[in-house]
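Presented below are the structures under discussion, each in the form of structure tokens.
Common to both upcoming complexes is chain A, partnered first by chain B, then by chain C.
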Partner chain A sequence: MNITVSKKLDRVFPYLMVLPAIVLFIMFVISPFFYGFYTSLFKWDGLSDMKWLGFTNYKHVFGDPQFWNAIKNTFVYALVITVFKNGIGLALALMLISRKHGTTFCRTALYMPVTFSYVVIGVLWTWVYNPTFGILDGVLNLVGLGGLSQGWLSDPDIALYSVAAVDIWKWIGFHLVLYYTGLQAIPETYYEAADIDGANWFRKFWHITIPQLNSVIVMNVLLAITGAFVNNYNLVNVMTQGGPFGSTDVSLTYIVRTAFSYRNLGQANAMSMVLFAMVFIIGFAQFKVMTREENTTD
Partner chain B sequence: MKNRHTAKSAISTILIWAVLIFFLVITIYPVIWMIFGSLKDTSTFYLNIWGFPSEPVWKNYIGAWQYGDLGTKYLNTIIVTGVFLLILLPVNCCAAYTIARMNFRFKKAIYTFLLIGLMIPGGVLGMPTYSVALKLGLVNNLIGLSIVLAGQAISFGVFLLRAFFVSLPKSLEEAALIDGCNRFSAFAKIILPLIKPAIMIQIVFSGLNTWNEYFLSNLMLRTDALKTLPLGVIKFIGEYSTDYPQMFAALTISTLPMIIVYILAQKQFITGLTAGATKG
Partner chain C sequence: MMKRWIAFTLILVVAMSVFAGGGKETPAATEDTSGKRILTIAGHTRMYPGEEEVWAAMAEAFMEENPDVQVVIKWQGTIEETAENLQAAKLAGETIDLYSCGTRVIRNSLAPAGIVTDMTELIKPYADRFASGMLEGCMVGDRVWAFPIGSGGSTTFYYNKQMFEDLGLSEPKTYDELVAICDTIRSELGITPILQQGTLAIYWPMWFFETYEQASGNKSVENVNEFLSGERSFTGPEEIEGFNLIKKFFDDGLIDSDSLNTNADGMRAAFSQGKSAMFFGGTWEYTNIMQVVGDAFEVGIFEFPVMVPGSQSRHGTGSGGGWFIPSFCNPENYDIIMKFVEFMTRPEWAGQVIATCAPIIPSVNGVSAGDSEFIKTINENHAKHSIAYLDWIWPAEVNDVVARNIPAVGTGYMTAEQACEEIQSTYERIVDYGYDYDWWNSWTEEDWAAVTPAYIPESYAE
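Now for the complex of A and B:
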């Protein structure tokens, strides 16, 4: 009797152990997708009763130039930060890997902004960009480049890039550390063999470093892109609120505004679905890369 | 020939250090600027924007603390982060352990299912998530926010912890079971202590994300009395006539604990990051 009970318990034990994770996960990761889609078919302000609309919300979203402007800004932003975070991160990692001293200090110091909240960083950089007493214009004046000084956050042509620069600033250390770790894993003998063949720095970089670093590069690029969507909401909300003239409006700021200021949660969820459809492929690629090694070893 | 070579490498060393120092300065100086700014006198702030405060003015900190009600914000942030970790750690450890070290039907399917979260770029489904929380009555509630954030941290945590559980030798539980442990006590008493480093990484990494969380907090916490630090600091911008030193003091107050924790636990921060992103 006792033995059969304990045997039964043994059989359900694994399921009991994973159950809490599955429940929480379904509630706050899976169900938002379905509930979001469901509510996108209604006129709903989040408070009063829902009114069936069918696909009318989607028709409005597809015909809304402000939404497409926000989507365009989102992708420009994602592209800019991905290129610069990875370019600078890899370049600095290559510089550090050849040094003998001070590398730990450099990595530790450059990684520090990763730990700060976007709000603190956003506020801080709003004052760095400030036209009357910001340090950026101050430095430009000091080195005689005062002519380059801009309305960093007030010029519609520049504001989005000024915001993106802050994001890049925050994450350089993160990518630097990932690339540095990747470079450390490349066997020294590859370079020694190339030295014997008389290869120059660029040939070694192109024929050894890049191919060896391949999976690290893919991972870094994907992490930068998938991080872009919520990062830009945080910074834009703190620094520019989407202005001037919608030039820094990104998808999440516009979605939140639609839900809260225009009281149209149904339409905001329709926008979320459209955005999700557009970025899902990037997320799927990240998932594939992260689980690739596991699948080959299993 | 040899001389030319050393001269060339000396120049490249100097250039490399120039670039590194440039990035070190642009990383560190804004932070130092913030701390200096917080110690300046409001009336002389404009006269000395860049440099060292002539005489540190500590009352900015008292002013910022009172004006921003930062005590409450601190407490709220501690509650959200604490409850978040209290939920997340046991849930993730149990799930990751089971998936890593036990055999049962649908194991692979359950694991793949739990990883779907990695496919959804952060924030993209934020508004639908808010809608669900609204429906469940979790909006404007600190514990509600903790639960939602814990749900969203499951994929990454299970992924991270599983890799550590898998790396432990297979014979551990068998020995414990022979010694009379049941399955659960074998897990809790023998295995868990061995993956302490991985748990530390999860605490530091996910805890930090929650401590700094802004997007969902901003959607979900609507009352002033419930706001967390990131939401509270916002109060100091946009009011053009207020004093800047006080604003810098508020920024420093909310950042300093992170700088201290970072300096104390750099290793966890940096290994956590590389383990999370490259392991698997």
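Now for the complex of A and C:
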């Protein structure tokens, strides 16, 4: 009898251990999500009583050119930072893995911006980009490349990329560390066998490194994409506030503005739901596509 | 097994501590333990050094004069968080008897939401305590929703007096004179004559207030009222001209796209280091700019130049800080609320509060603004040529499009016609969603009942 009770407790105990976390997750993540969806069906300024609208908020969101401008900017931003964070992160990891000395210093130095807050970084880079006394234009002028000086944050064709560059700079170290760890896990014997077969650097990279790193790449790309969609508010808000002329307005800045400046929480929540659906579909599709080979093998 | 249960208990304790913050709301107390009536005043965290201390001293003095009242002060959050904090207080069942925040928020968000008590009858006995035009800034739909305690602000050009003197320049009255000055500055010093804090979108509409006022023959406020009532399109020649006049500043090289990449700190730094000669901003920036400039040079001001012959240069003016009675105040407290209002609008107390913000145009009569040349100039010139801030009238959605389109037109990214069409379509979109400019006309009796004081106490004014 005691053994039976003990076995039952063994089975139940893991669930009991995670129960508080699940309850908190439901309270602070799942419930707000559903409440957000619920309020997206109302006209609500956050102060007066909610008025039922049904899906009218969604109709207005889909017909709002500013929302679509923000979504377009978000996609461009996501594409740029996903490509560069992963490209540069992997390139740096490959450089560091082949070095004997100084790797710890390099990793620490490159990781350091990850620990800085977006607000600090945003203010710092706003000054770096400043046209009157910014260090970037100053350095370009110093080395005779003054012709490359741009209105880094004032030119609507460039501003979004300038902000994205800061995001890339901040997170490069994070992706570098993940790739570096992934590279360390690849058995050296694979490369030795390839050397015997006479494979060049590119073939080894393409046929050994990339396939072996696949799961790390999937994770890195997923983190970069989702981060680009849901974690760009602070940087954009500090650096450009969505300007000039809405050229850096991303979905989050527009949603926050709709909620707290326009006092339209219902419509802002409808936008959030649309954004969630997009991120979910993109993340899911990316995960499926990038793990297709693994799934087939399984 | 024991370890498991200890681990589980610990997790449970941690989880329960998170829940501890929740709970059923309890009605706010109307009396303290000694039987005194509680008067709760609240607002965003005070912005000026020494202001909190003045309010605390004022509360103490009020309680001495009214020993049956206990004043509770709650300063919380930033000025931008006003609506959220009020919402939280209301949901939590708190009673707040007086609340302080920006007048624009009261006019544009809080009053239409029915969260502000109609003070029209309550404030009548004290109306003469406010400087001319200040109480009017708190009126919407012929009703008074708040009263101002603070400093009125206006807009002005700031300039480096030393630089002007060195180059033999004098303050311009007209746009052509300003162009000549900027040509001289550019050719002699090779610097951008005017550098703005262009990353802060809220500053661009202030340019439009000026140019539209002139382009409309000094009827911008009337035009905007008609526009928001649906009686006028924003795509007319006066609106387009308002944008084109700003574009002239860019086309004539008075201002360039560097301003779009400059924030408030950058603008002040460039100005104080002589890397720019002028900027256009609010009079509330005087204290900050003087802190940066220090003794390096004298700072002068001049009014926005006349660009349209025959029109008067007039500037947005109003008192930023307002006090109102939330509609969820303690309905039995109107007597002590108004006693406190009478107390705080006495020049000796209002003066102390207003003094903390280096006042330009005090909102309360009998309060001195000081005798600096800057304040004299503002009061003798700018204050006499004032109009309402247009962004206090039009909704935030329209203001955002105006703010975004001004630099876009200036730098040739879009035409004035396109800018006006986008503003018009934004207006039509929010109307389609239910925006109602004349909300007070469509309020039901029930709506009005919710914001009408339960009773009007006697006047406490001497």
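Keep this in mind: the second predicted complex is superposed on the first by the 261 of 298 C-alpha atoms of A that agree within 3 Å, B and C clash if a C-alpha of one lies under 4 Å from a C-alpha of the other, contacts with A are read in each partner's own complex, and residues count from 1 in each chain.
Here is the rule we go by: contacts are C-beta pairs under 8 Å (C-beta built on N, C-alpha and C of every residue); 3 or more make two chains touch, one makes a residue touch a chain.
In this text, all values refer to a predicted model and were calculated from it rather than measured experimentally.
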item	value
Three-chain arrangement built on chain A, chain B and chain C clash or fit	clash
Chain B versus chain C as contact partner of A:154, first or second or both or neither	second
First, second, both or neither for A:243, with chain B first and chain C second	second
Touching partner for A:257 - first (chain B), second (chain C), both, neither	second
Contacts of A:86 with chain B and chain C, given as first, second, both or neither	neither
Partner chain(s) touched by A:209 [first = chain B, second = chain C, both, neither]	neither
Which of chain B and chain C A:111 touches, first, second, both or neither	first
First (chain B), second (chain C), both or neither touched by A:43	second
Partner chain(s) touched by A:69 [first = chain B, second = chain C, both, neither]	neither
Partner with the higher number of touched chain A residues, chain C or chain B	B
Which superposed partner A:127 touches (first chain B, second chain C, both, neither)	both
Superposition clash, chain C versus chain B, among 22-30, 58-66 or 76-84	76-84
Touching both chain B and chain C, residues of chain A	13, 17, 20-21, 24, 46, 126-127, 133
Interface residues, chain B side, partner chain A - complex	16, 19-20, 23-24, 26-31, 33-34, 46, 49-50, 87, 90-92, 94-95, 97-99, 102, 104, 107, 110, 113-136, 147-148, 150-152, 154-155, 158-159, 183-184, 208, 211-212, 214-215, 218-219, 229-231, 233-234, 236-237, 244, 247, 251, 254-255, 258-259, 261-262, 266, 269-270, 273-274, 277-278, 280
Residue numbers on chain A that touch chain C, as the complex places them	9, 13, 16-17, 20-21, 23-24, 43, 45-48, 56, 60, 63-64, 126-127, 129-133, 151-156, 239-246, 257, 260-264, 267
Residue ranges of chain C touching chain A (in the complex, touch as defined)	1, 4, 7-8, 11-12, 14-15, 18, 80, 83-84, 86-87, 90, 109-110, 113-115, 192, 195, 198-201, 257-263, 266, 269-270, 273, 275-276, 395-397, 400, 404-405, 407-408, 411, 413-414, 429, 432-434
Footprint of chain B on chain A - complex, ascending	10-11, 13-15, 17-18, 20-22, 24-25, 27-33, 35-37, 39, 46, 88, 91-92, 95-96, 98-99, 106-120, 123-128, 133, 135, 138, 169, 172-174, 177-178, 181-182, 216, 219, 223, 225-230, 233-234, 237-238, 252, 255-256, 259, 265, 268-269, 271-273, 275-276, 279-280, 282-284, 286-287, 290-294
